[in-house]
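Naming follows writing order (A, B, C and D), and every chain is counted from residue 1.
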Amino acid sequence: MAGSVFGKQFVVSTWGESHGKGVGVTIDGCPAGLPLTEDVIQPYLNRRKPGQTRYSTPRKEEDLVEILSGVFEGKTTGTPVSMVVYNTSQRSKDYSEIMNVYRPGHADYTFDEKYGFRDYRGGGRSSGRETISRVAAGAVAVELLKQLGISVQAYAKKIGGIEAVKIRPEDIMKSPLYMPDLEASERAEIMLEEKMKQHDSVGGVIECVVKGMPVGVGEPVFDKLDASLAKAVMSIGAVKGVEIGDGFCAADSFGAENNDAFRMDENGNVIKETNHAGGVLGGLSDGTDIILRAAVKPTPSIARVQHTVNRDGEETDITIHGRHDPIIVPRAVVVVEAMTAITLVDLLFASMTARLDRLIDFFGR
Amino acid sequence: MAGSVFGKQFVVSTWGESHGKGVGVTIDGCPAGLPLTEDVIQPYLNRRKPGQTRYSTPRKEEDLVEILSGVFEGKTTGTPVSMVVYNTSQRSKDYSEIMNVYRPGHADYTFDEKYGFRDYRGGGRSSGRETISRVAAGAVAVELLKQLGISVQAYAKKIGGIEAVKIRPEDIMKSPLYMPDLEASERAEIMLEEKMKQHDSVGGVIECVVKGMPVGVGEPVFDKLDASLAKAVMSIGAVKGVEIGDGFCAADSFGAENNDAFRMDENGNVIKETNHAGGVLGGLSDGTDIILRAAVKPTPSIARVQHTVNRDGEETDITIHGRHDPIIVPRAVVVVEAMTAITLVDLLFASMTARLDRLIDFFGR
Amino acid sequence: MAGSVFGKQFVVSTWGESHGKGVGVTIDGCPAGLPLTEDVIQPYLNRRKPGQTRYSTPRKEEDLVEILSGVFEGKTTGTPVSMVVYNTSQRSKDYSEIMNVYRPGHADYTFDEKYGFRDYRGGGRSSGRETISRVAAGAVAVELLKQLGISVQAYAKKIGGIEAVKIRPEDIMKSPLYMPDLEASERAEIMLEEKMKQHDSVGGVIECVVKGMPVGVGEPVFDKLDASLAKAVMSIGAVKGVEIGDGFCAADSFGAENNDAFRMDENGNVIKETNHAGGVLGGLSDGTDIILRAAVKPTPSIARVQHTVNRDGEETDITIHGRHDPIIVPRAVVVVEAMTAITLVDLLFASMTARLDRLIDFFGR
Amino acid sequence: MAGSVFGKQFVVSTWGESHGKGVGVTIDGCPAGLPLTEDVIQPYLNRRKPGQTRYSTPRKEEDLVEILSGVFEGKTTGTPVSMVVYNTSQRSKDYSEIMNVYRPGHADYTFDEKYGFRDYRGGGRSSGRETISRVAAGAVAVELLKQLGISVQAYAKKIGGIEAVKIRPEDIMKSPLYMPDLEASERAEIMLEEKMKQHDSVGGVIECVVKGMPVGVGEPVFDKLDASLAKAVMSIGAVKGVEIGDGFCAADSFGAENNDAFRMDENGNVIKETNHAGGVLGGLSDGTDIILRAAVKPTPSIARVQHTVNRDGEETDITIHGRHDPIIVPRAVVVVEAMTAITLVDLLFASMTARLDRLIDFFGR
């Protein structure tokens, strides 16, 4: 596959460019019987929509989703669910500069080398609008997981070096940065204002927590739960690192402190005293919260003069016009949830054939 | 696939348990004409073999590889290359304790839940011996990359918090820890001695550098080069985090400093003034060095009393006997190289169909 | 994958129902640089459009294709090519009968059992309209093959037992049945008129010939060229059998007559004296014409009273109203071409990595 | 994948050459808990072993299977099941003639073109010994299906034009040709004797019947049950055609006779009055017997002078020495069963995620 298809059983296939007719996604393998309408999906898309706060590009994009197939009488039919978001606000404008000049930190140069030419309008296929397709598919995955008692929630853990220390899930939506520590959120806003004045941009860390996973999901060796999540999340545009549980801190710790001791809870379930492992042992879910973090680089589009080269191999300068997101972390929060959810559904499905006794039960129905 | 198959065109399928008859791997999709014998592969396996230094388990394992198919007259034939390493030193011993009791930090509990029972001898499928198959396949991938002018080299970047600052590739093999800064290596050894006395274990960070990649390898959206590498490396047993280029540091930096300015070199090639991106732009290789890091947790097997539970759901204590690696970073260095190389071959193959003009050249031969 | 995704490198993902908003397809892995517009694709769709002759349903369906992504300035960009055909003539009507009653020879019963319910309007996902997506993707594949010097042509070989004996490719388009033997075509038309009066339907055989294939395409063992084509063609709705070369006749022949002797032609190329094998030896193309045939069952929708059961498990009768194709062979001819072409592109791509010397040439460019 | 890997969830990966060290297979995705030992698998291999009757090559090959992994205490563990059959009787001999000369009807020429050279000893990878791997994996699949109440049985339907008319399953094993009509079997034997005297070979048709399939297995559109079976069976060496139900006869029939009317049986199950469809409607199993047939060409190795060319592009003659099977149909019967069973397991697994209500049941356990 050439990169726009994801998953083995819950197969997500995306398409679309920033300034083409639209962006879309088809899910092959969505089970029949899931309640689904545009109203279910739209709120997810609204969370990544620009123009929600002063910390994202003020471009107006409605990003209204339309379901084209796979739903009948309000429920999925088991056949492919195709969804489209037509591009409406992408007005034609002058692209003469970025057409021939490579923006630092962007994929202009690598696309030209790979394909010989590129749709340069607004980044084309490498635009952040590509994540609309992920979020639409992710919304379906999140809804499916809910039906199985599993929740996925992400938030901004760190912005421009300022970290959310007290995580209060109920405060996530109160912060314009989706930061669950309102005091940290306010400090981050002040810092952002400063950086915006300097025509600079800021990075951050997104944390995602999954609750309710059954034990044993994920496959040993290559398709480990954490490995699969790492790919899913690292495939999001600006993500430069992924860690699970204590992650890079575990590398600096010692065995006696890093091991999570097992215990029994009052209901007779196996639990752990700590969760340094982030809910994964040997690549399989261990029944505790899955915790992952993604490092997001600062937005590469900044309104400063930058050194670069053009298509003809000449050195030149570039100034990127227009107003861009000074930070993409808040808008990427729902994208991390989406990719996490899509991955979990695929691995849940894969886990169903692990035991003959359960197969006999299933087919003996 | 149930997790033991990796890759789309250079397809690696592994099998085997710690104390079964052996471990092995089949590569489907290895091009014909690559010089290959056991002598080519064995040195890679020797680098992960235990008992090389006092910082690894003193178990004697010869780990001799045997090629069973796919090679004729010293060259690959294009048909599947099957390789096996028979288990020779895995003597039967008393497993009565770990048979029923779950070791903290290990996959015992999750395997039992997933499969209903497990081969408990020496960790079975979740043993570190599983990586023998990866290294054997990785050796073939590294040899193939060499033929295309691409090199892959990993080393210990950090051990127990002690970091290699001055990276001298020529010193890697001089350090018993594969640490390319001999001064740091010595300090790390002292620290390791201390921890071994305390019956504790240590983690670390492995860094891997790829040189000579053509521009444009990797696929946009889901199969990005960095995302694919993240999965490959995160799938190695004790790895808890992966980052590319500046990784998690990029999350704390600002756009003006994180963007890599483009320049032309004296040969008319596009280069970058810096490489914060780690050789990947928009998920595609940009022609500069690919740099990734893996966080490795401390070995979970430590000779201390630990709290845990048994198969019957009773709380108990466990003491793991035998001598285990106080650190697995040095032995995992070649595993990181292997997984990196396997991934690169697969993506190089995928990149061949990106342009019609090159297809016409290829088939017009 | 749940069945609507096809191919490994040229990945075709289809969606849509007969009476939903439309049907569509996304191709992931189409090389950059292929000239492509709606005008290129539409003629292929017109060949399967109903209402072209009196031997197909007189329903008016424009079936106009729209390209939504992956094309810029008239050429493919290497990113996913998404295409849609909106359903326009599917007027709402009374489905109360087939909603609850299972049509013999249709997928109504099996869909209900598999998914719990179904979009019963016009057959939903199991409608013949699903093949629009195949033809749109197939058109792209055929255009791509043309650029590599490979042609694909199918035609009606047999209709209602009447066989085309003298195959004149130039006559295919002159026959309303796409039968390259006009005398046989006329006899078949007379027979069809008779069957239509009897409210009955007719089956037939489609033959497909591929010219210009390089030698060695196809993969040994499971992904043989003929095996891959068999799946592709058998996956078309009414196809009940596939054969290559002499096919079932080979089963009745003897080795001395079935083997094709090799010879050299005047240009120094290896040729064969005969082609009983149909262009495939050991699963790989042998450089001669690839010849395959598909058996198409008679249209199951016939305007006669038929015995059946309903959703409540009661026996009942059904009379299918509306006018249906008395034969689907002519409209399926282009679908066989499409599936053949899609398969060939995928296997051509797979064949590129078979030899190290060619890889070195390719990457040394 | 390069052709030696089959399946999506029950993933079979084969390797080995005729005169290398052995042939083998790894199954990734075999559920835990299936009773499995060499004794279970060996009888399947014995059915394809040469030298059983005078109608197969008298070569002595023991073909003893050894399980290398994935089984513990007599049951599968859920991890990869690796099996090997070492080549023991493949004595070195003089291959100078076939080394450089292409045998008609064999893959010598196409392998040389694809890979640049080949392991010419006994056919190498394209030898019939490759099917040992299929049969070993198929044995596991058949055992798994048994546990789910599904049986697979193949037999010789036709040999050299002589057809088994009265199918008595209990007679299959009584016929040296695995022909369930003993009278036809005797006539076929006489014909075979005649052909052997003429140094000629014979083809035939294998029929396979599956009983006990649940309704709704198979995926719509591309991964239809019949399409998947067609690929699986067509991928067996000498198979040139595959049909389901009435197959090519359906192409000559009319709708009124080809449709199978539905009925209710005494237990309230939906049944069909006839089974022209061969147990598949719309690509999904319909609960009745699945019936498929494979056309097998006559053995290409015949002891006659044949025209051919050599590696240097010179015309020459070849006489194939040694005694070869005058017919491969009887030995291929178990191979057809194997490929059918492997395919069914994979599609059964895929079918488990079709309905949300069943997922909720499964995970709510």
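As a working rule, contacts are C-beta pairs under 8 Å (C-beta built on N, C-alpha and C of every residue); 3 or more make two chains touch, one makes a residue touch a chain.
Keep in mind that what you see is a predicted model, and the values were worked out from it rather than measured.
A count of contacting C-beta pairs for C-D and for B-C identifies C-D as the more extensively joined pair. Two copies of one sequence, chain A and chain B, touch each other mainly through matching residues, since over half of the numbers at the interface are common to both. The distance from the centre of chain A to the centre of chain C, each centre being the mean of the chain's C-alpha atoms, comes to 38 Å.
Each chain gets one centre point, the mean of its Cα atoms, and the points for chain C and chain D are 26 Å apart.
Chain C has its Cα centroid 44 Å from the Cα centroid of chain B. Looking at chain D, residues 1-5, 8-9, 14, 29, 32-33, 78-79, 114-116, 125, 220, 350, 353-355, 357 sit in touch with two or more other chains.
Contact residues on chain C toward chain A in their complex (touch as defined above): 1-5, 8-9, 11, 13-17, 20-24, 26, 28-30, 32-33, 66, 68-70, 72, 75, 77-82, 84, 114-119, 124-125.
Residues of chain B touching chain A in their complex: 1-6, 8, 14, 102, 104-107, 109-111, 113-116, 125-126, 130, 158, 160-161, 195, 198-205, 215-224, 226-228, 230-232, 234-235, 237, 240-248, 250-256, 258-264, 268, 270, 273, 277-278, 281-287, 295-302, 304, 306-309, 313-315, 350-351, 353-355, 357.
Note for the complex: chain C touches chain B at residues 8-10, 29, 31-34, 76, 78-79, 144, 147-149, 214, 220, 348-350, 352-365.
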